[in-house]
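So, here come the structures, one by one.
Shared between the two complexes below is subunit A, which pairs with subunit B and subunit C, respectively.
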Partner chain A sequence: MGESLPRVHGGAQQHSDTLRRPVHTLRVKMVLLGSSGVGKSSLALRFSKDEFRSTSPTVGCAYLTQVVHLSNATLRFEIWDTAGQEKYHSVTPLYYRGAHVALLVYDITQRETFVRAQVWLKELEKQYIPGSTVIWLVGNKGDLAHDRQVPLEEGESLASNKGLYFIETSALSGEQVNELLQSVAHRVFECIGAQQGGLTEWQETPTVDLRHKDSFNLFASCCKVGP
Partner chain B sequence: MEGEAQKATASWESGTLAPVDRLRSVRADSPIPGLVEGTEPGRSLSHYQWDYITDCALILKTAGAGQKSAMFIHAHSFEDLTAEAEEEALRTVDSGRSEEQHEEGLKALVAEQNIDEQHSNDLSDSRTKEEDVSSEAWRSHKKHVFVLSEAGKPIYTRYGTEEALSSTMGVMMALVSFVEAEKNIIRSIHADGCKVVFLTKSPLVLVGVSRTCQSDKEMLRELQYIYYQIVSLLTLTQLNHIFQHKQNYDLRRLLAGSEYLTDNLLIRLERDPGLLLSAVTCLPLASSSRDVVSSSLQAAKSKNLVFSILLAGDRLVTLVRKKDQFLHHIDLHLVFNLVGSSSSFREGEGWTPICLPKFNTAGFFHAHISYLEPASQLCLILVSTDREDFFNMSDCKQKFMERLSKRSAYQALKEAVKCPSYSVAQVGIPELRHFLYKSKSSGLYTSPEFPMVYQSDEEQERLLSLYQELHSCLHHPTRPLRYYYRCRETENLLAQVTSGFELYLCFSPLVTKASAFAAVNKLLKWIRKEEDRLFILSPLTY
Partner chain C sequence: MIRSHCILRTERRGIHVDQSDLLCKKGCGYYGNAAWQGLCSKCWREEYQRVRQKQIQDDWALAEKLQREEEAAYASSHGVQTQSTTPPQPGHTSLGPFSKFEEKKTNEKTRKVTTVKKFFSPSSRTASKKETQEGKTSPSISRHASFDTDQVSKDFVEFLKNLQKPGREIHKQCRAFLVNMSSKKDLGADELSECVQDFYQNLADRQMTHFKGSSESVEQVMDQVEKYIMTRLYKSVFCPETTDDERKDLATQNRIRALHWVTIQMLCVSMDEEIPEVSENVVKAITDIIEMDSKRVPRDKLACITRCSKHIFSAIRITKNEPASADDFLPALIYIVLKANPPRLQSNIQYITRFCNPSRLMTGEDGYYFTNLCCAAAFIEKLDAQSLNLSPEEFERYMSGQASPRCSSAEGEWPHTGQGAGVAATNPVLAQLNHNLEQLSSISSRQEKVMEAAQSLQADLLSWTESVQREVNDILEKYPLTCTVSAIDANNIDNDNLPPPLTPQVFAG
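Right after this comes the complex of A and B.
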């Protein structure tokens, strides 16, 4: 699985002088949020198995993992693929609480889901601890560009206004999906990984405690959200 | 009649994996205890607080030619009545409602509902059951199921779209309210080969319309299942809360994306004998292997773990439970339905809130659902009381897998899943084609593979509907039978019920009555010999 992703060199070498061993596995909690049917599960499946399959709606939440190797660190993504259905919204905070990465996914052919992604953003901002979460706005279903309702520029401008990262992907064709995971890995390592206690190390039997410490962040500028 | 009704409902309930009756206190807090408790199957009728329910089932016979199937053919002519009915319904719902304490979570929920009003409308459109409700095809479906709110708002229809049926559902609510206004309860309408059965489970009303020869009781049982399916997604507390706040709330928003569960449950009701028998079936497995699997599961325990269930498709491999906690067969069937209907658990570990309505209608459990291997049929469900327990449950699964793979039992288990259940030929009764045997004490049943003559879906459904007829006769509310023998052109059928078991046999049409009865003993002997393979004889607790 990990092999299907190109190993990336360079990346975060400037941090190699940290106290940690040159190669260690860090746990990254990533959550996918967005309306029902925008392709969160399909993205998650691309991340973990690089496959595409049409699935039934997610029930509650699905948990998957994927390991990404950077030059001086290995990141173990713990992916929480949430259900978009309204009835599960009351439990969703469980999954985005303490997340290092949040992907706000919308469907470029459904304007409604773009609006909904902004509602999710507001929701996240309520819980937000500066410097602790890297947020990506992801326009999915890029293969359906002919039915597009949300122009690329609109996604970009929302992202830049709110200080989010932005990408358009297609879980169906796989386009930009690896790129997304790679850039997420780099960003999260640069922004959070270098902090003391920003990311915890992964052991064979992971501890239940997922809470991370809120510490002063030198790289806050690159993960800033909101005005 | 009350006594009879009690007997009838009680017999339906008697097939529990173990009787659970711990909810009385919870339900008594419900704003309309009479409605909630009184319509509950299996509750003692002393709990009926509607003592004005008259002593016989109310059957409105609309036999006049002009009224035949009026509800469906001339729906629009009832529009005035609908409006009136809605008001009526509102009044009825209003009276007797007391304010309940708001839970914080629910408050948030209602608040959120206002934000994204438009959003969910969008979701319901994505359903692919658009069928013209005025078409002949729509009307000729064998069985319709409708769910509506007490304000007459459509919540679910098996065929067509809810929007197109709002006036029809309005009429249904009008009928319910009209009879209610007379201090009575509508149970069914029989007209023109069509049965309309009503089930009022405040705050929902369920209506079944059938052209089959099913009895009212069988249809009620099916409506109960649908009701519990909805409760299992939302909890009764949340349902009550929502409708107390907003009587004309569109519940489809909250059920959006889960209609397929109800759809699949309705298919199961037509195909799965377990739902008819109020029992579940086991994967045939050597008892030594099953014991190892059970004890491995038993060892993988955790503080908040209440049930560990291992499934092989629709068959139970083993179930370990917390001491003194029992899982009702309805709850188990809802879990089977959830797992069997959703592909999403295949892609990772699932973690979902689930209400087990026969255990507790008020709250959610949290279920960790995952397959033992990606392509395997073996699915493990760990039910915890704590919503933050995901990693504990994940560890439990890991522990179970480690223990299991150390022993040869896992291999035996995988083999058993691969091979078909068993063929009726093994019993050694030439005329016997198929049978269902339910052990009442364990709530488990066994039955062989369908033979060649019943390979197609239609034939299987036909056989099951024959069994259903037998079941209805044996469990008739006023004239229950112990034996029933029936000769048909295509097969002969025999059913027998004792205090210990229920048995349904299907023979070739050439069998004689005497040899059919002789076969029963032979079959019972065979089952006794095989029982440690076919059933779970020693259920474990943590």
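Right after this comes the complex of A and C.
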């Protein structure tokens, strides 16, 4: 199925697809966690696909970006895919240092991935600074309802017990993927963006005082210093 | 396919240095560094403390010179500004520029005075004495070391010139900070890191007001500041004595060496080195990660990691014909690190962590690759049988060198005889030994043959001499030697016509 998912454009230049908008562009680090095969990479590709050419000139899809526009800010998601193999678990904490969002992904057709997600949650909680990371529990492969091993309610109740956000998605059909990204954007801006030093600006976009955000400046890019 | 291997091998020959070349020239067992004339950080400090002292003074002299230039440039640009903005006042047209000229002159005078004073002050006299001393011991070091820093300082001042007044302010603050740091050499690494990070933070905050919140301009300035500051601090804060970074480097270095037997298959890496393009990328990735150690500025080191990573992505993409995911990338990076055994890996990671802008490490593409490198290093440290899908017994045997997994595929390369083949299948190290023994015995039998041949040759020679002797004697007997006086010698009639012999003559001086 990975074949059917959209590919990343290899040679895209970082500058050309920067959306030159006279609003704040804040960078959001989002880490995908979960067992191997639950669909992290597929989700990452889905996130960065729609209405968006990949910003990354790399030939890989381990680090991807996606820009989400909110009414009063633009968020530039930096999506960190992680190696899900069991043997790399001990090093995973290095990935979510400084993450604003963590997506805990499991496969609804594999109960052990749900159990694993809870182990990850424990790890995350060790490092968790309240208000600094928004955690989402994501039940993926929602399209495979007939093979479901983890009921929807179970995911929901775990999330509410632990104070996480919850959603079920399908990276295959794309169902709920965009919704997930949109609600993550809203939450992260509400919860973290407002804090002092919560989100940092992305420096490759010229930034203009918020008061002038309504007057779209066509020539904003001319004022950019440097290459 | 064969070609690709050749490329790899030759390239690696270029990269890998003999172990002894890497060690400290003083023989203390630690790693030396070309930038420290082959000494380790400790010996370097002991040996060249004074050189560094001198370098600091040189830096100061240069900074002062640059400051002067900068002020002059600022003054002149300021002069131009006043001329263009304020309309010439009637009656003072010639006075304006002239008074400026006067002002400059007096400035120069006072400066000259201070320099002269300085020259005769006791501190500068001792310094110059040191200078000549150091000049004798190692002139190349100080010259070489100050060259890069000079260039960086010049570039920095050039850059700041464009910023006009804020630029001058930044320069002043950076210099003050460097002086401050030189008195803090004995601080722990964490405290040093804190000092630098605080400085970055304060400077960035102050500029935020200067540039009216344009984080882009601030980032640009901060990049230059980082370059300038870290180029100067590098030697005192990279792998400092107060930490056990150097010990960790040695441990990692040895660990990676002990893991030489790990194959690409064990790590489940999706790179097929049989494909020439892939192996080219692998070689480049190895080169990049090794190059990291030669950079001084944290951001330059990061750039090496990013370049290395991109080559890995290319290699995976070519192999799999689809973009690499994190599941492919991390194992591949681990494999590259194992192959490269990058010099002072831990020190470099620590240095970047301590002195790079933290937002660059935790976010952004560079940050992603750096994090993966940290993961790779941590993984290698903890690597066990399970992480390679081996049984603990197998892992132990490979680690202890009793067995090597790689040789099962290379079995065919050795022409072993019947008795060795059985053993080789189970224990390739023994097979290699057998093979060597066979070669040794064949060499010794050949040597015996050579000795025999030599002896018979010697005997032949002896008998040949005898036979020649005999022949000569026979001939002498047959034709006895008789002496007859020749006719020419007998009638030596012209003897009287010869000129008289030369007599020595005395020449008067």
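In this section, the second predicted complex is superposed on the first by the 169 of 227 C-alpha atoms of A that agree within 3 Å, B and C clash if a C-alpha of one lies under 4 Å from a C-alpha of the other, contacts with A are read in each partner's own complex, and residues count from 1 in each chain.
By definition in this document, a contact is a pair of C-beta atoms (placed from the backbone, for glycine too) under 8 Å apart; a residue touches a chain by one contact, two chains touch by 3 or more.
Predicted model, so just to flag it, every value in this text is computed and none were measured.
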First (subunit B), second (subunit C), both or neither touched by A:Asp81: both
Touched partner set for A:Gln110, first subunit B, second subunit C, both or neither: first
Which superposed partner A:Ser36 touches (first subunit B, second subunit C, both, neither): both
Which of subunit B and subunit C A:His89 touches, first, second, both or neither: first
Which of subunit B and subunit C A:Ala62 touches, first, second, both or neither: both
Residues of subunit A at both interfaces, subunit B in one complex, subunit C in the other: 36, 41, 44, 56, 58-63, 81, 83-85, 87-88, 90-91, 94, 205-206
Contacting residues of subunit B [partner subunit A, same complex]: 105, 108-109, 112-113, 115-116, 118-120, 122-123, 126, 233-234, 253-258, 260, 338, 341-345, 347-354, 367, 369, 387-388, 390-392, 394-395
Touching residues (chain side subunit A, partner subunit B) in the complex: 35-37, 41, 44-45, 48-49, 53, 55-64, 79, 81, 83-91, 94, 110, 112, 115-116, 119, 205-206, 208, 210
Residues of subunit C that touch subunit A when the two form their complex: 213-220, 309-310, 313-314, 316-317, 322-331, 358-359, 362-365, 368-369, 371, 374-375, 378-379, 382, 386-387
Interfacial residue positions of subunit A with respect to subunit C in the complex: 2-3, 7-8, 10, 27, 29, 36, 40-41, 44, 56, 58-63, 78, 80-85, 87-88, 90-92, 94-95, 97-99, 200-201, 203-207, 209, 224-226
